[in-house]
Amino acid sequence: MPDVDTGHRITGTVNGAAYDEVVDDRMTLADFLREKLRLTGTHLGCEHGVCGACTVIVDGAASRSCLMLAVQADGTEIETVEVLAEDGELNRLQAAFKKNHALQCGFCTSGFLMSVTAAMREGAIRDEGHAREVLSGNICRCTGYTGLVKAVLEAGE
Amino acid sequence: MKPGQFTYHAPRELGEALELLQEFGDEAKVLAGGQSLMPMLNFRLARVDHLVDINRLGGRLGEPRFDAGTITIPALVRQRQLERSEETARVLPVLTEALRQVAHPQIRNRGTICGSLAHADPAAELPSVLSVLDATFTLVSARGTRTVAAADFFLFHLTTVLEPDEILLEVSVRRPPPNQFSAFREFATRRGDFALAGVAALCEVDGDGVVTECRIAAAGVAPVPQRLRAVEGLVTGSRLGETSASEIADAARAEVEPTSDIHASATYRSRLTGVLVNRALVDIRTKQEAAHA
Amino acid sequence: MTTMIGTSVPRREDERLLTGRGRYLDDLDLPDALAAAFLRSSNAHARILQIDLSAARELPGVIAVFSGADLAEIQKPLAPKVLHPQLKDFPRLPMPPGELHYVGEPVAVVIAETRYIAEDALELIDVDYEVLPAVASTAAALEPGGPLAHSDAESNVAVLLTQSAGNTAEALRTAPNRLSEEFFVMRGGGHSMEPRAVAARYEPATGQLTIWDTTQSPHYARQQLSVIYEMAEDDIRVIAPPDVGGGFGPKAQFYGEEVVIPWVAKKLRRPVKWVEDRQENFVSAMMERSQTHRIEVGFDDDGMLLAVKDVIEHDQGAYCAGLQVPSITTATVPGPYRIPNIEIELRACYTNMVPTSSVRGAGRPQAVFAMERMMDRVAEHLGLDPAEVRFRNLIQADEFPYKVGITFRDGSPLTYDSGDFPRLLEGTLDRLGYAEARAEQAKLRAEGRYIGIGIAAYVEGCGLGPYEGAKVRLTNTGRVLVTLAAAGQGQGYETVYAQIASDGLGIDMDHIDVLTGDTSRIPFGQGTFASRITATAGPAVLDAAQQMRVRLVDTAANLLGCDPAEITFTGDRASLNGDLEKSLSLLEIARVANIGKHGITLPVGISAGLETSSYFAPERAAYASGAHAAMVEVDPETGGIEILKYVIGHDCGNVINPKLVDGQVLGGFAHGLGNAMYEEAAYDAEGQPQATSYLDYSLVSAAEVPTVELFHIHSPSPLNPLGVKGAGEGGTIPAPATIANAVEDALRPLGARVNRAPVTPARIVEAIHGDEQALAEVRGS
Amino acid sequence: MLIENSFDVDADPDRVFAFLQDAHNVAACFPGAELTEDLGNDSYRGKVKIKVGPVTAAYTGVAEVVERDAVKRVAVLRAVGKDAKGAGTAKATAMMRVTATLSGSSVSLSTDLTISGKLAQFGRGIMADVSGRMVGELATKARELIEEGEPGVAAPAAVAVEAPPMRAASILRTVLSGFFKRLLGRLRNRKTRQAG
């Protein structure tokens, strides 16, 4: 629904698909993804950059979509959790999450997947300490992280 | 937690940005990485009428420069970019060390060095580090350019000498001589949290191992990064390790006057400052010994 | 077919959650929905003198703004869940038009086109408050002549209760040794990653109100709304969405927002959605924990407990949402120990802070903290090993059912149903390598390092009544549908109850679906709380599934012309002894017994309508148990704690899905670790909350939680046919006590005392240095 | 929170007290404050703007002198305000006491400040520092104005000029300039004493 402002036209890609939308000055990237593009896999848990539930990948870098404005995404390539599955099958990381019970309520899961995806592209996850460091920018209240650590070690080697 | 209304500007040229800031003055705020400003806007603690996003100024402002005598970090260099730069790790290891302790990678991916300095949170890592590096801050506005020493840049919580129409264009430090060793230590309750206290320390050591120059700054214990002059005085002129740890700790504790809050008492923070100063100096000594081994 | 119960079946929920296709409340596509935002009191205690909504109403994009007075028809008390005849109750109104009692209490609601605009409008509401003196601690609340949390109260006392067995005063008087201490456990929150949310749509044509609510207890919400709205329950449909992002207790409570939002949707004839943001969550979702325990223990020279007296000050917050938490605390103090004389006195009082109710652990961590800290002190006093003192006092495996002598929160005598506490503690210590750890501690201590070992054991009342129900139906598409009243928040109900149903039916899980949390699909239910669902809904599902098997078998045998005993299931086919030539699919059975042929008489012997239901009401609570042990190193300079080793021994009876039970325990442990070391919902003396963001309130990340060695023993509960007990809270309960015991043990050479949870670096250093002033500074801030 | 502050002034205690019991003067000294309306009976409407970096608040409300004892030279000022954007309220009770010293007067200022709402709800002690600075600024400015001998400097603010918000930067500058003035003052005192 429109804000009272006239807005900015922005274009770019999300998960490889081009979009061309008009957004209000103050709309956050997270709200843009969720409300305009209806990509509701990205969740809002704290809206101040700590919990990490809204993490998406912007031009290759894991970023908090609650701390970016939609208009700042103009011209960028964004990846969200919806891009991860390959031909309808869970990808290696997703499958490792499932196998190791790395999720319960699932609300934080998308953010974890995107943070770990970005980290894995930077290089292999070497050991448990490294895995915990990679995971430490996201909060999960359900699992106690045991399954997450296992999943990351399994998928990230 | 949605930000209040503002008008967003995305100038493509520096001049355009400066004109906007001049036009809107106090009603405008510069948006760089946004990792401190955006939460405040979402909380509606911060209010702006005009948000001047400098991210599209791009190019030159996004690349650190490693010149013969000086290392310059322009406004749009991201924290993560510098953290992962091998050149930085080689010439300014203390910066790399400190950057690794700033929040989390997802924040550092967007957060800029200059943005953190301009935001001037006294518990943040970078202001104290740039203080001991004796950095020079270059401030630019439509009125012209000026440089400010680190010691003069920070005024209070979230407050610097930056006028409303100014941008922190870049921060530069002299290329450290080979006999300079530095360290950053902080202690936070939880990884990524604001430190209960932090210490950046730097020593220059002569051929006999005597400290000829020492700069130490504490974070999180005052409204600005606080240089610990008395401790510096104690360390300078002697070999590292010669002055007793308790003497140094006492001096550090005496020099700071933190505020108590829900996370820790002032007494604890003072004590912690002393502990961290000593640990940073031990790190420095270890590095010095490694260099001479 | 193999047995599904006891198998770590992968979760059915995961696929959608991992691909971003979860269906949380905020993901609901409700065309034309409006956004809501609440104006909340910024004062801990104040009276609304005047409220001006005009500027807010005029803002473009704003549809409506209501104050509490504007919605006078729904300002009815939200009843406490657990009452007591002596409780002095103050009405908790959905959006009070008069006196306000905590920062965060709803004052007005804005309905607008977007949440952005709604929040703009909040800034335009002008309220004149008369600020009243506030009460921000139990000590202040119980101070004679101090301010009153409710200005029309005579005192801040909610209830004074005493539970006792034996003659504690006399036993203490004559005990050879006596120790007493005061312990404090800090407030903390649930902090589900998804905050609360409510959406509602009114259908004028049918007069029905559909409400989506992140509640743990949809039937409870419907019943409350039916009373407040004066509408028939059948006209109110409360749906907990298929995916809810964590509950942990606060979502089991019933709040003013849940009353206001549907009512406004009805008034405006437009769907309305309210999604709590984190800032609101910090000041309005119920919290728990803050209690002060003054505990005195009498014991003989061998360390045998003779008497325990505990005086508990419980912070009820601004209103009584129920006495469940302090009631549970009083019953949890004795734990796994034989205590011949026990007296527990509860002083629950009102303060001007967010009301308290259950948060994962629910009153138990505090009791275990007090009791287990004292067990260590007893050992220290006598120069005995703390593990040895515990072993000497443990209730033995042959003593069940064991009557403690006092009453549990469910109203029944506190009677432990089953367990093996010595084996649990032994196993825990073995896995820690207790003897080696003590040797290592001595060695490192000599090197000037501060290593500590902490142990804590507990007994957890769970699986509470009154009942929970399930329906099993063969759908007309030939699948088996299990419907539960309980709503899940990530526990994996779709998987677990399909496992149980599969065993009950003898039909493969693939043909079974599970639906939860929708009041229109099953008439009665209670909700997910108090680690009760597996022990109540589990048996109900099993029974309904077994009934359904009988019906399916009878129908198939009738149609195949054989004896029911000859029927077996293969996939979705019922066959004569596995002969697929003589078989019927579930769909074919449904066609006969459910769909039928219009106007044609059913075949002889076929009973119509393949649906069964069952409600299971446990006779009384079941009792899970556990023991934790930790080895830590403390840095006495910074106060930093490093957990070197952590072992959890857990006994929740039989388990349905071991992997999911492990997940519950380990997740609970992370929460407990937060209570042990990090989480503090601090308030200042004026009742202003001081930790209202994750910058000031620390939730543990993967970097803080250590690797845990978890093992189980299984003492089946005799109280339900599955032999199960609750598993959701055991990880949380003893963690603060374990860490505090370990830290004090590490610091024993320095004589530092740990009397408070969480144990933070600053407090450790201050305890070492005996900084009374510094401690006062922190307390006062 | 309680903020204690005291300072010495080179002026006659009665003159100092007279200055401080005038709400206009106090407003003129208080960073970011202005009086907008005289309500009579020592009561005024006014506003205080606070700006700490990007954080802003603007409180409007009423300030009144609730107690005044010219003999003991004690005055109590109470101010209550609320933020224009509904972000909370601020309440301050300031007790001023002027005592005679050898070289002039000593002023002790005891301010009990209560802030509610968003600004009060951040645990990191920033507001304590900010409040301390504000009261410090008030003291410094008051000292300056009294020593400059212009107790009437703050004209009745019937036509209020927009006061600049309390900017922490300006506070510091003032505090620093106050520091130098104090230093100069001390030197001057010494001279005076020596001359005397």
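The letters A, B, C and D name the chains in turn, as written, and every chain counts its residues from 1.
Everything that follows uses one rule, which is that a residue touches a chain if its C-beta (ideal position, glycine included) is under 8 Å from a C-beta of that chain, and two chains touch if they have at least 3 such contacts.
Bear in mind that the values here come from a model prediction, so they are computed numbers and not experimental data.
Peer 1: Going by the contact definition up top, give me the pair of chains with the most C-beta pairs touching.
Peer 2: A-C
Peer 1: For chain A and chain B, let me know how many angstrom lie between their CA-based centres, rounded off.
Peer 2: Going by mean C-alpha positions, chain A sits 29 Å from chain B.
Peer 1: With centres defined as the mean C-alpha position, give me the chain B-chain D separation in Å.
Peer 2: 33
Peer 1: Counting only Cα atoms for the centres, state how far chain A is from chain D in Å.
Peer 2: Inter-chain centre distance comes to 50 Å.
Peer 1: Can you give the whole-Å distance between the Cα centres of chain B and chain C?
Peer 2: Each chain reduced to its C-alpha mean, chain B and chain C end up 43 Å apart.
Peer 1: Got the chain D residues that touch at least 2 other chains?
Peer 2: In chain D, 85, 87, 118, 122-125 touch at least two other chains.
Peer 1: Would you give the residues of chain A that are in contact with at least 2 other chains, written as numbers and ranges?
Peer 2: 3-4, 26, 47-48, 50, 136-137
Peer 1: What are the residue numbers in chain C that touch two or more other chains?
Peer 2: 114, 116, 123, 277-279, 682, 690-691, 693, 695-696, 701, 703, 781
Peer 1: Can you work out from the touch definition every pair of chains that touches here?
Peer 2: Between chains, contact exists in these pairs: A-B, A-C, B-C, B-D, C-D.
Peer 1: Contact residues on chain C for chain B in the complex?
Peer 2: 114-116, 119-120, 123, 277-279, 637-640, 677-678, 680, 682, 690-691, 693, 695-696, 698, 700-701, 703-704, 760-762, 765-766, 769, 771, 773-775, 777-778, 781
Peer 1: Quick one: which bits of chain D touch chain C in the complex? Just the residue numbers, please.
Peer 2: Interface residues on chain D, with respect to chain C: 85-89, 91, 114-118, 120-125.
Peer 1: Taking the complex as given, what residues does chain C use to touch chain D?
Peer 2: Counting only chain C, the residues touching chain D are 39, 42-44, 103, 122-127, 129, 131, 283, 682, 684, 686, 688-693, 695-696, 781.
Peer 1: Which of the residues in chain B come into contact with chain A in the complex?
Peer 2: Against chain A, chain B makes touches at 1-8, 10, 34-35, 38-39, 41-43, 51, 53, 55, 80, 103-107, 109-110, 191-192.
Peer 1: Which part of chain B faces chain D closely enough to touch in the complex?
Peer 2: 29, 37, 40-41, 43-48, 119-120, 123, 155-161, 194, 223, 259-263
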